[in-house]
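Shown below is the structure under consideration.
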Amino acid sequence: MSETPEAPLGKRRWAIAEGYIPAWSNGPEPQMTSHETACLLNAGDRDASVTITAYFEDREPAGPYRVTVPARRTLHLRFNELEDPEPIPPDTDYASVIESDVPIVVQHTRLDSRQAENALMSTVAYASD
Amino acid sequence: MSETPEAPLGKRRWAIAEGYIPAWSNGPEPQMTSHETACLLNAGDRDASVTITAYFEDREPAGPYRVTVPARRTLHLRFNELEDPEPIPPDTDYASVIESDVPIVVQHTRLDSRQAENALMSTVAYASD
Amino acid sequence: MSETPEAPLGKRRWAIAEGYIPAWSNGPEPQMTSHETACLLNAGDRDASVTITAYFEDREPAGPYRVTVPARRTLHLRFNELEDPEPIPPDTDYASVIESDVPIVVQHTRLDSRQAENALMSTVAYASD
Amino acid sequence: MSETPEAPLGKRRWAIAEGYIPAWSNGPEPQMTSHETACLLNAGDRDASVTITAYFEDREPAGPYRVTVPARRTLHLRFNELEDPEPIPPDTDYASVIESDVPIVVQHTRLDSRQAENALMSTVAYASD
């Protein structure tokens, strides 16, 4: 818990208990397409190898999905664009665990444009080590 | 505080100080029905026995409500569907404490469709041990 | 940091860095009146004496505002209803610090109905001790 | 982790992994102009010298941007008003790290008015030391 100012920023394990990809959208693409995003920040000097596991209500978890966040970069990952090993189905409750080999910071955001006007939500994910 | 990468993810006590079930809705059911959700993630290998207590402004707490979140599963629990020992009244301020016998992660979300367009909010709950 | 399951839930100092009372509203009162709320949960067995201090951009802080949250109760406090020692002006950026003599949990929510459809946001406040 | 009641409130390093300045707006200015805000609270008795670094997906970070938050004051900083050393481009994913020489509290908020009705989101930023 006592990070020095020089310590890498963030944690190596994160959880997003709320997951849901809206099944339809309204408005100009791609900005107004309904989507669910995990924003990953790697403020450190080493590339981050990240694995994502998706949990469901009534089946075994999916994944791992693998992405790299280069050093000093951010990656805004849209869950609806994950394809390998399998897409995450829309209109289905899920949750996710995000693990990295170096500390990162994770924030969760959804833009929901199922009705004419978009709705937004965001929260820092749950951080562990 | 020093969880190893193998430690179960999460905490055993959570609090959601903001609770409110909107009294009416707009839009297609069930997706657009106003609701308040506690998203529970059990990423561990043991089933989680969870009890929920609801607090109000002017009466003693209600509950405990009991649910199980199986190992490696998520449960998106709608507060407006709780029935036993009593339903939570709509249009009433409340708060909740969620306790589990194994570590879980809890996120709080509300979809409010009282007006024509829906509004969303979400936050990781307050974690304790 | 090692609270036992019997320890009181929460912390004694909280901060909400984002504060803003919308200056106008749309929709039926009181539910759709624009408002900013601090949801306080006292899950313990002793009444909580709470003081709130409001910080601004260009003047000294206002307060303390004083409220009591009884044992095993929640209080959803609307900032726009604070009157003593002075109301918080609408359409003005502010922040708040909430201090309690026993542990509580604080969540921050705004309903903004300045346009025809309401927008919502919520986050657990920053917890300290 | 064991702050006394007299300890300065907050932390010295914060991260906002989600950053995005909407490219257009609807509604009366300036309240309804789409914007992204870092709300900084300095509840202590010493002025805070704050530096902000912005991270992107495909280039080196921008900054540092420098602001001062006086003692006992809050500053609601709109990212779209940062100019020196360079503006943050709209419609571009970014993230930010906020560092202060004294403890502060940071909350992240976006008002998105790209469609006719505004959407809001807010979360306490990720705190480190």
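Note that the chains take the letters A, B, C and D in the order they are written out, and that residue 1 is the start of every chain.
Keep in mind that, in the parts below, a residue touches a chain if its C-beta (ideal position, glycine included) is under 8 Å from a C-beta of that chain, and two chains touch if they have at least 3 such contacts.
Chain-to-protein mapping (UniProt): A, B, C, D = Sensory rhodopsin transducer.
Predicted model only: the values in this text are computed from it and were never measured.
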Same or different: do the copies chain C (Sensory rhodopsin transducer) and chain D (Sensory rhodopsin transducer) touch each other through matching residue numbers, with over half of them shared?
different
From chain B (Sensory rhodopsin transducer), which chain is the farthest off, judged by mean CA positions?
D
Cα centroid separation, chain A (Sensory rhodopsin transducer) vs chain C (Sensory rhodopsin transducer), in Å, comes to 29
Rounded to the nearest whole Å, what is the centre-to-centre distance of chain A (Sensory rhodopsin transducer) and chain B (Sensory rhodopsin transducer), using the mean of the C-alpha atoms as each centre?
21
Check: chain A (Sensory rhodopsin transducer) positions touching at least 2 other chains come out as 1, 116-117, 119-124
Name, in rising order, each residue of chain A (Sensory rhodopsin transducer) that touches chain B (Sensory rhodopsin transducer) in their complex.
1, 12-13, 15-20, 22-23, 53, 55-58, 60-61, 91, 93-95, 97, 99, 108, 110, 112, 114-117, 119-126, 128-129
Mind listing the chain C (Sensory rhodopsin transducer) positions that touch chain B (Sensory rhodopsin transducer) in their complex?
1-3, 5, 7, 9-10, 27, 31-32, 37, 39-41, 43, 72-76, 105-107, 109, 111, 113, 116-124, 127
